[in-house]
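Some structures to go through are shown next.
In the two assemblies presented below, chain A is common to both, partnered first by chain B and then by chain C.
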Partner chain A sequence: MLGLGKKDLMFLLIVVLLTLTAPILLNPFPEGSAMAQFNAGYPDLMQRIAIFAIFAVGFNILFGLTGYLSFGHAAFIGVGSYAMVWMMKLLTMNILPGLILSIVMGGLFAVVIGYVSLRRSGIYFSILTLAFAQMCFNMAYSVLTPITGGENGLGPQIADPRILDAVNTSGSVPEVNLFGLSMRATYKMDLWGRLFQFNAGYYVCGILSVLMFYLALRIFRSPFGMMLRAIKSNQHRLNYTGLNSKPYMLAAFVISGMYAGLAGGLMAAMDPLAGADRMQWSASGEVVLMVILGGVGTMLGPVLGAGFIKYFENIFSKINDSVLHDWFSIFPKWLENLLVGILHPFVGQGWNLTLGVLFMLVVIFLPGGLIEGGQRIGRLFRRKPDAKGPAPASTPAE
Partner chain B sequence: MGILEVKGVNKRFGGLQALGNVNLSVTENTVHAIIGPNGAGKSTLLNCLVGKLIPDTGSVLFDGQSVLGRKPHEINQMGISRVFQTPEIFADLSVFENVLIPCFAKRDGAYRLHAFETIAAETDILGKAEKMLRDVNMWDKREMHAGALSRGDKRRLEMAMCLSQSPKLLLLDEPTAGMARADTNNTIDLLKEIKSRGNITMVIIEHDMHVVFSLADRITVLAQGSPLVEDVPENIKGHPKVKEAYLGEAAH
Partner chain C sequence: MDALILQTLNGLDKGSAYALIALGLTIIFGTLGVVNFAHGTLFMLGAFCAVTLQRIIGISETIIDPTKKDFLGNPLKVEVPYLQAWFGHDTAAAITNWSVPLSLLLTVPVMVGIGVVMERGLIKHFYKRSHADQILVTFGLAIVLQEVIKHFFGANPIPTPAPAEFAGSIDFGTMLGFPPNAIVYPYWRMIYFLFSLFVIGGVFAFLQFTTFGMVVRAGMADRETVGLLGINIDRRFTFMFGLAAVVAGTAGAMYTPINSPNFHMGMDFLVLSFVVVVVGGMGSLPGAVLSGFLLGILESYASMNWIKDIIPGIDQIIIYVIAIVVLLTRPRGLMGRKGVMED
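Let's look at the complex of A and B:
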């Protein structure tokens, strides 16, 4: 069904279920309890996880399958964001035209950047993509200010034409919507002492990310995906087998650029302000971290990596000294101060340190990323030697 | 006129004349061996045939068309496959996928964006690849990572990959190098069988004279970048010029 094998179908079904129930699953701790700050089930964070999952899954099609490491994918995020905001300014606050344009623009930019960058491989390819992204960033910041809003960023204004929408009489910028359904609309449910928030914006991002995940799964299992893995394995042999690796590479680059464009569009749709800093190299680096942390070349790895990093960014950065003092108040004063002193650099502003340490641990001890960690734990529980022997190379997913 | 016509090919690397005025004519459906001492230019010549190197002067015609200046994938699509000195396979892919890829390349050409098709639906290609793997006795190993194969198996896999494209011309660069005697004999049997099925021309570079004399219909002896003799195997054996080239002594 859906062009997938039985195993993949189950896999997809699990992803769909997880996405739909995320607002419940990510809110395991009761409201007001000491652990409540570890809850991730609020719309803003869930949207961001879904969006970055799209970005990382698309990036993985290029990096995971072909092994070409692009350091400039943030450029497509930025392009997608600007495309979305311009559609909101000119056409309508309905996000659909914006999403379509952001995918198209992401793809167009990827054709140009990919065509030039793919003339080289290895580190030179990475540097070329990085150079392009920094060019885009600097141009957006300076000379292209009329289009990009420069350092103030670009957002929809009250006076914008919006030719498809009804005349705006409310005196404020109309709400971002999808055919009338506001992205901010949230159905709140108070149950078992927990507050579950079912947010329209999250479900738009979530459903799109499932759809994009499904497309990526199809690509991974297709002959095209096999050719991309062959490029990573032995490009030399591929050429002598009668295949031209250039168009395959470019197609993979453009597909991942379109994923990034969509992710950028969604970012602007959830928070209608596009700034040039989205294109900065640190944003390009972040997606590389996500994919490596989760597991390069696996299906679920990039999603896990995206969730992991965004969760840490949001949760750990919120923990401050007073929260720490709260936790350790049961200890004698001197021990409390000592513990807080030790943990202080790892939380709040210092969450990057925590992430860095975790990243190093994963790369050193789990070169296959979090997915490999999961597989190892799974093997521990199974204990019995796998009757099938080593996993067949044809299914590098899970 | 042969299927492969090499005329007046010269290739220089700096001060070294790697190939000097090489002429070679390979008749269709024969096995043509190129032998010669180390550094005679055998591999350079082969590289000129597949587009890896471009000769300084001269022409290489395959089936009446020039191969010079064409990219490797274009030359393959013309019907030339090559087995390398060290097996070139897709080490990270399964054995089965290694054979699927050339089958796709043969059917779909140099590029096709089949991103939303499934491999499982391509029954004709799956069948062809299965037959090919059974032919080389590797069907049991289809799920293995190709990189985990033994050297002899890698070689057989590479051969299967080339043969699955039913090339008109198969170039073999020392196909038995580093193989045990038993593996060498298996390879000879395999190549003999391929030859007996017909419709294939082979150019083979080999050090092992046992292999050469079991397979070749014609032999060209290359020394210092130029063809020394070209003849049927019987006449090459004990040819004074060949002895001289190999042993470096004056023939008497």
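Let's look at the complex of A and C:
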């Protein structure tokens, strides 16, 4: 069904189920309890996770499959955001035209940048994409201010034309919506002492991310995906077989650019303000971190990485010294102070430090990311019964 | 004409910083074959060595001055820097005044230490792995170092003034026959330019005229053969990494009066320095220096008003545009050797 094997279909179904029930699953702790701060089931965070999952899955199509490390994907995020906001300003507050335009614009930019950057490979490719992204960032900040709003960012105003919408009489900027369904509409359900929030914006992001995930799954399993893997394992050999690998590369680059454009569009749709800082190289670095942390070249890795980073970013910035003191109050006072002292630089404002350390550890010891970590642990448990049985027959016969 | 000369001069000091960072990057790439994304951070660390020295000099004790009274009639508490208590007022004032040049004494050993620890502790394990992995791990290291500095020194730029003797500007124009105040150039920027020439000259002389440098050059050309001749090339390359770190660090320390250091200055310079290295030619030391100055000067030309009137915003993007053009038309860079890293 859906052009997938049985295993992949199950996999996709699980992903769909997880996405749909996320507002419940991510809210395991009762309201008001000490653990409630670890809940992630509120719309803003879930939207961000879903959006970055789209971005990371798309980036993985390029980096995971072909091994070309782009350091400039934030440019497409920015382009997508601006496209979205301009549609909101000119046409309608309905997000659909904006999303379409942001995908198209992301794709167009990717064609141009990709066509030039892909003339080179290896570090040159990384540096070229970085240079293009920084160029876009600098221009958005300076010359293109009439289009991008420069330092102030770009957001829909009351006076904007919005030619498709009904005349606005409310005196405030109309709500972002999808055919009348406001992105902020939240159905709250108080159940078992927990407050579950089913947010329209999240479901838009979530359903789109599932769709994008499905598309990526199809690409991974397709002959096209196979070709991209061949480029990763040995591009020279592939070229020697008489095959021109450039179009495949460009296609992968454009697809990942469109994913990034969509993610940027969604970002602007959920929070209608687009700023140039989204295009800075650090934003490109972030998606690389997500993909590496989750697991390069795997299906679930980028999603995991995006969720992991966004979730812990949120949690860590909430933890402060008094929370730490609370946790360690069971220890003697000196040990408590020592532990708090050690952990202090890593929490609160120090999330980036934690992320950097974590990232280095993953690159050094676990190049396959969380997925590989999971597999290793899984293997540990599966090995045990084997070890007691007869030795494997891998020893050569006498 | 005077505007052109002024912009050339203005470009020189930024170009010096680019050239010094790019030189270090190229040394590391040429010897160890590693793309060091943390090199800008070394520049930043050097700058913060200057800040640290400034802080150390400022450490003071509180003593009660019995001769003076505050407005309530109690003995006045005054902060006296230890330096002043030990060496007397004049010496202490001189040291404080000259803290930035003096910080080189601190920067050099610190940067050697950081460079050697970094190479032995981390980068050594990445020789065999792909360039992407090297980029990623040094990128992670850059984030960590940057955040550590932010933790200790805060996120705001920290002003570190140049010695008062160099605080003013020189009126170049009058020497060349232009009217006064046409070409005014701060002394410290001139010092910085001369300093960078000195460092670059030193590095080249070291590589060209010493036995150590000769072995390193041989190792850059053919590492395996040098190893087979019984020379411990790894240790020399580690030293070269330390040297590259020192070049970046001193460049950073001396740059502090021009631009107050903050924790992300390294990354801002790094992106540009990479572009510089690529334009100059990966692995070519003269190329790195040349393109550093060239791009610095071109960037400053592009910020002239009449050029900005023709092409708006060109000053923001000129370096990237040049890099893209160079990479597409001459992939080995301006002075890169044929066949080295051309794809």
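By definition in this document, the second predicted complex is superposed on the first by the 371 of 398 C-alpha atoms of A that agree within 3 Å, B and C clash if a C-alpha of one lies under 4 Å from a C-alpha of the other, contacts with A are read in each partner's own complex, and residues count from 1 in each chain.
One rule holds in what follows: a residue touches a chain if its C-beta (ideal position, glycine included) is under 8 Å from a C-beta of that chain, and two chains touch if they have at least 3 such contacts.
As the structure is a computational prediction, the values presented were derived from the model and not from experiment.
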| item | value |
| --- | --- |
| Touching partner for A:364 - first (chain B), second (chain C), both, neither | second |
| Which superposed partner A:356 touches (first chain B, second chain C, both, neither) | second |
| Partner chain(s) touched by A:229 [first = chain B, second = chain C, both, neither] | first |
| First (chain B), second (chain C), both or neither touched by A:382 | neither |
| Partner chain(s) touched by A:132 [first = chain B, second = chain C, both, neither] | second |
| Chain B versus chain C as contact partner of A:239, first or second or both or neither | first |
| Residue ranges of chain A touching chain B (in the complex, touch as defined) | 3-5, 215, 218-219, 221-227, 229-230, 232-234, 236-245, 247-248, 251, 255, 389-390, 392-394 |
| Chain C partner contacts - residues on chain A that touch it in the complex | 67, 69, 116, 119-124, 126-128, 130-132, 134-135, 138-139, 141-144, 281-282, 285, 288, 292, 345, 350, 352-353, 355-357, 359-360, 363-364, 367 |
| Touch list for chain C against partner chain A, complex | 35, 122, 125, 130-133, 135-137, 139-144, 146-148, 151, 267, 271, 274-275, 278, 282, 312-313, 316-317, 320-321, 323-324, 327-328, 331, 341, 343 |
| Of all residues in chain B, those that touch chain A in their complex | 50, 71-73, 76-77, 81-82, 84, 88-94, 96-97, 100-102, 104-106, 109-111, 113-122, 143-145, 161, 165 |
